[in-house]
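Listed after this line are the structures, all set down as structure tokens.
Here chain A shows up in two complexes: once beside chain B, once beside chain C.
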Partner chain A sequence: MTFIDRTITTIAGIIKSSYVQWETAGKNGLFQKLDPRVKVLFLVYFIVIVSLMRSLAAQLALAAFVFIVIAVSRLDVAHLYRRIAGFAFFFGFLIALPSAFNVITPGEIVLPVAELARSHRLWIYAIPKEIGLTAEGCFGVAMLTLRVANSVGLSLLVIHTTPFFEILRALKMLRVPDTFLMIIILSYKYIFIFSRTVEEMYLAMKSRLVGPVDGATVRGLIAGRIFLIFKKSQTRYEETYRAMVGRGFTGDIILPGFPAFSRRDVAAGLALALVGAAFLVIQHFI
Partner chain B sequence: MKIIELHNVSYSFYDMVPALSGVSLSVSEGDLLAVIGANGSGKSTLLQVMSGLIHPREGRVLFRGGEVTEKRLGERGFQRYFRERVGMVFQSSDVQLFCPTVLDEILFGPLQLGITADEARRRAVETMEMMNIAHLKDRPTHMLSGGEKKRVAIGSSLAVNPELLLLDEPASGLDPKTGSFLTDLIISLSESGKTIVIATHDLQLVDHLQPTVAVLSEEHRIEKVGTVADVLRDEELLVKVNLVHEHKHRHGAKVHSHLHAHYFFHDHAPRHDHGGEHGRTSPPHEHPDAGAKRKK
Partner chain C sequence: MHIPDGYLSPQTYVPLYAVFAGFIAVALKKVRQNLSAKNVPYLGMAAAFSFLIMMFNVPIPGATTGHAVGAAIVALVLGPWPAVVAVSVALIIQAFLFGDGGITAIGANCFNMAVVMPFTAILVFRLVRGKAAAGWRVSLAAFLSGYLSLVVAAVVTAIEFGIQPLIASADGKPLYAPYGLEIAVPAMAIEHMLLFGVIEGLVTMLVLMYFARNDRDGVYALQEAKR
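== the complex of A and B ==
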């Protein structure tokens, strides 16, 4: 039953990561001190900037800026950059790599890879005699990889410096309805509660199993547990609904709003807006 | 003045499994009432009927003389009137804690009832101080301990400042310190004039609080309503409703059997061998009034 072990370990990992996120979001770092609304706006604004920037040097400069902010926010740099590198490699580099070849992106070949006897025509593609990586293609791959890295870096910066629920609440500012936010909040919350239940149920089952168990039995046990969790979720939903009604819920959720922005938050927001604008400008000069 | 009355109330789950059978009960303003009964006797269901969360198949529920029905609770005006005045704390705190953080949880009730944001925040601060949870205000509720969750759950109901507070198994699963805090809190709230109804099978809590006691049988009927002394001294009744049973018990090297409840049936004071018989003298931790009454 090693796959169950792995699943349970993953579930335990989810729970642990929630604690870690909450811990790091409460640290006394630069970004943690900012109002969540400023951070959400910063994230949206900078992701747009990352998409608009067409200079590799400017993307690298932005990556350096993100690195500095992550470091001064006292986050675990090595851990975050392992994740950023993973995302950038799989969702940026690997996906875009085929486009670096002259089969997809015509241009000056900088690294020949293969030479055919003659050129071919295959569906909509013209396959040239000499196949290789083009300068234009490599630029495109590098740009996409850096865009993914920067977007993920910015997202992780905000996620690890802001309690998850504060991020959700900050979405009120973007006119996301309270009821929708409450649905996400409840879903997120009960994932953790039920993760714990699943873990406990698994351990209880494990404690009663002796020796090897055949596949059919395992499938039966798992199906039974899935059904049980489904029933428990249903019961919990009904009880929670009653608890909400008992405290005045009538169908329209009202979540608490935020206080007015402090001067520090306004100053930080303006500073970040200027930094973002500066990146858009300097890309034309570097 | 009666705050809530139940007249011949019956309720069953899925119209098949009975939970309450012909229950009649009334609670007056300022009363402290404990509904005791074994597991499955219908205590939680009774509290949910009182709080208008479920509605009886038969019988009537009156709040301050006005009938509480599903239809009436659908009217915004009555709903707000009723929910502002009746608060319920569920047995499982996880059910009740559905908001992101402790502060949000405390604010939820007041905000849904249309109380202004400033007033809601003022109430939340006061409530958190009273419940000793101010230091937890920004913490997600699923990261709290059992005792902390219970405090937040009670605080979330108190923030609405209800006239009638319904507590379902308030002491279950709590450590002794949190249990004592809870007992003190219930006594303070009762002394301040709040009407409180508790559903419990914890006879020690009942002994500490000295409320009026209503006993629910396993047939889901009210068997008796009386003082703690009246009820807890009624050995036959407690055995019948499955709240006490014989069990083994150790005194130093001696092991003997007696009924589970220590309050009126068993005396720990004599240190000599009592031959395995049930002690019948006043226990040392018994409520002084109850002991005095019995000595007479």
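== the complex of A and C ==
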């Protein structure tokens, strides 16, 4: 894949994922009906729980819980689990796999792999005589894989059941300043406007470039495109600012708050809080 | 460079959230002093620019492509404090919208890429450029500011990984990032010194040179020479 195709694919991926999330957030599923504040609190609370749990069985139980919630929220289970599995395989399993060996994590060898004539020592690195997978190392790999899978699963659950602006507005509860939230909202809008611009620029470039192009020319083209995007975004910012001033903007930003929680949201929030606490407790027994 | 959830223990990600919160508060205050009411749309634009730089794939030897983090060029063009806000916002959007980088690791990711990178980039640029206003020395300064800022950020990230077995393991079992400092630091440093740092340096230099030719007055780092 050329740099042009790769850039177009990246940009198209951003635009597509935003539309998919917008569409799934509007479905009539269990999680979509909840107040965004409950979902944001749920996300933060559960991700912290995932990071605190030290039992593989408890992590597996939480993975099952996430799967059930994703399914009853009428999300595309196959699509989401492909992403979760990809993240967990690469960032959890693959990266951590070498640490399962006693060269990195000493411990009880459960699967011998090789035996050297003698042990070696290279500066601060020690290579034992017998090399193999250790129980402690395998536990670490499994724990990291499940942690990554559960965290990504929880994030995708909330991202796909809540419009992005509602997630941002809900962050007010966590004392994130309105000014900072407004910067994120504006930036998000600019990103989609300019993603399209970048996509069009690259499609135009693709249609004009025929045959091989040397690296220096390509790098010059990319630098020019980045400069152009900066100038375009700068112009857009000036226009946005003038439009904001024209509508009475003085620099003070107060985002509208949320209405009071409904009974359903309070009940759901309490139920989720209890489920989370239960995971923390049961990890000591399973 | 984007740390996912699960790699850092609470003993690491909670303090890094606090450190990042301190930096972002100072950054917002500094930018507000200079830009007043304009700061919100300006920083929104800067954050979008920071996000979009990561979308530009650059061909690299080996018939593959790579992209820059962009924090160094954002810092050189806009200044370090706007860069702190801009890169942080881009990283937060990536975490919440695309799942790139963990929610618990937002503080760490923002500290590494939105604080360490911009300030290292500016410092290296000032040191290498000296009093030169143009020419090879400015190009070299731009390249090294991108290159070294990414390598330093990678080493800081590696230290965050590498301390996990020391501060958060149970009976010899790793609970978070499993590699100690003796493995995490050289692994991260070498790959960033040999590959990713070169891409970051190259993109920073090319874009800064383009800015220097076409909009010199709009570049923070080049204006500094006049002050």
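The working rule: the second predicted complex is superposed on the first by the 255 of 286 C-alpha atoms of A that agree within 3 Å, B and C clash if a C-alpha of one lies under 4 Å from a C-alpha of the other, contacts with A are read in each partner's own complex, and residues count from 1 in each chain.
The rule is simple: contacts are C-beta pairs under 8 Å (C-beta built on N, C-alpha and C of every residue); 3 or more make two chains touch, one makes a residue touch a chain.
What you see is a predicted model, and the numbers here were worked out from it, not measured in a lab.
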{"item": "Which of chain B and chain C A:186 touches, first, second, both or neither", "value": "both"}
{"item": "Touching partner for A:246 - first (chain B), second (chain C), both, neither", "value": "first"}
{"item": "First (chain B), second (chain C), both or neither touched by A:177", "value": "second"}
{"item": "Which superposed partner A:151 touches (first chain B, second chain C, both, neither)", "value": "second"}
{"item": "Which of chain B and chain C A:96 touches, first, second, both or neither", "value": "second"}
{"item": "Touching partner for A:140 - first (chain B), second (chain C), both, neither", "value": "second"}
{"item": "Which of chain B and chain C A:87 touches, first, second, both or neither", "value": "second"}
{"item": "Touching partner for A:105 - first (chain B), second (chain C), both, neither", "value": "second"}
{"item": "Partner touching more residues of chain A, whether chain B or chain C", "value": "C"}
{"item": "First (chain B), second (chain C), both or neither touched by A:255", "value": "first"}
{"item": "Shared chain A surface residues [contacts with chain B and with chain C]", "value": "18, 164, 168, 185-186, 189, 236, 240, 244-245, 249-250, 253"}
{"item": "Chain A contact footprint on chain B (complex, rising order)", "value": "48, 51, 53-54, 76, 79-80, 83-84, 86-88, 90, 92, 94-96, 98-101, 103-104, 107-109, 111-113, 117, 120-121, 138-143, 156-157, 160"}
{"item": "Residues of chain A that touch chain B when the two form their complex", "value": "18-19, 22, 26, 163-166, 168-169, 185-186, 189, 192-193, 236, 239-240, 242-250, 253-257"}
{"item": "Chain A contact footprint on chain C (complex, rising order)", "value": "4-10, 13, 24, 28, 36-45, 47-49, 51-53, 55-59, 65, 73, 77, 85, 89-90, 92-93, 95-99, 102-104, 170-180, 182-183, 202-203, 206-207, 209-211, 214-215, 218"}
{"item": "Touching residues (chain side chain A, partner chain C) in the complex", "value": "1-3, 6-7, 10-11, 14, 17-18, 21, 43-44, 47-48, 50-52, 54, 83, 87, 91-92, 96, 99, 104-107, 124-125, 136-137, 139-141, 143-144, 147-148, 150-152, 155-156, 159, 164, 167-168, 177, 179-180, 182-191, 194-195, 198, 215, 218-220, 222-227, 229-231, 233-234, 236-237, 240-241, 244-245, 249-251, 253"}
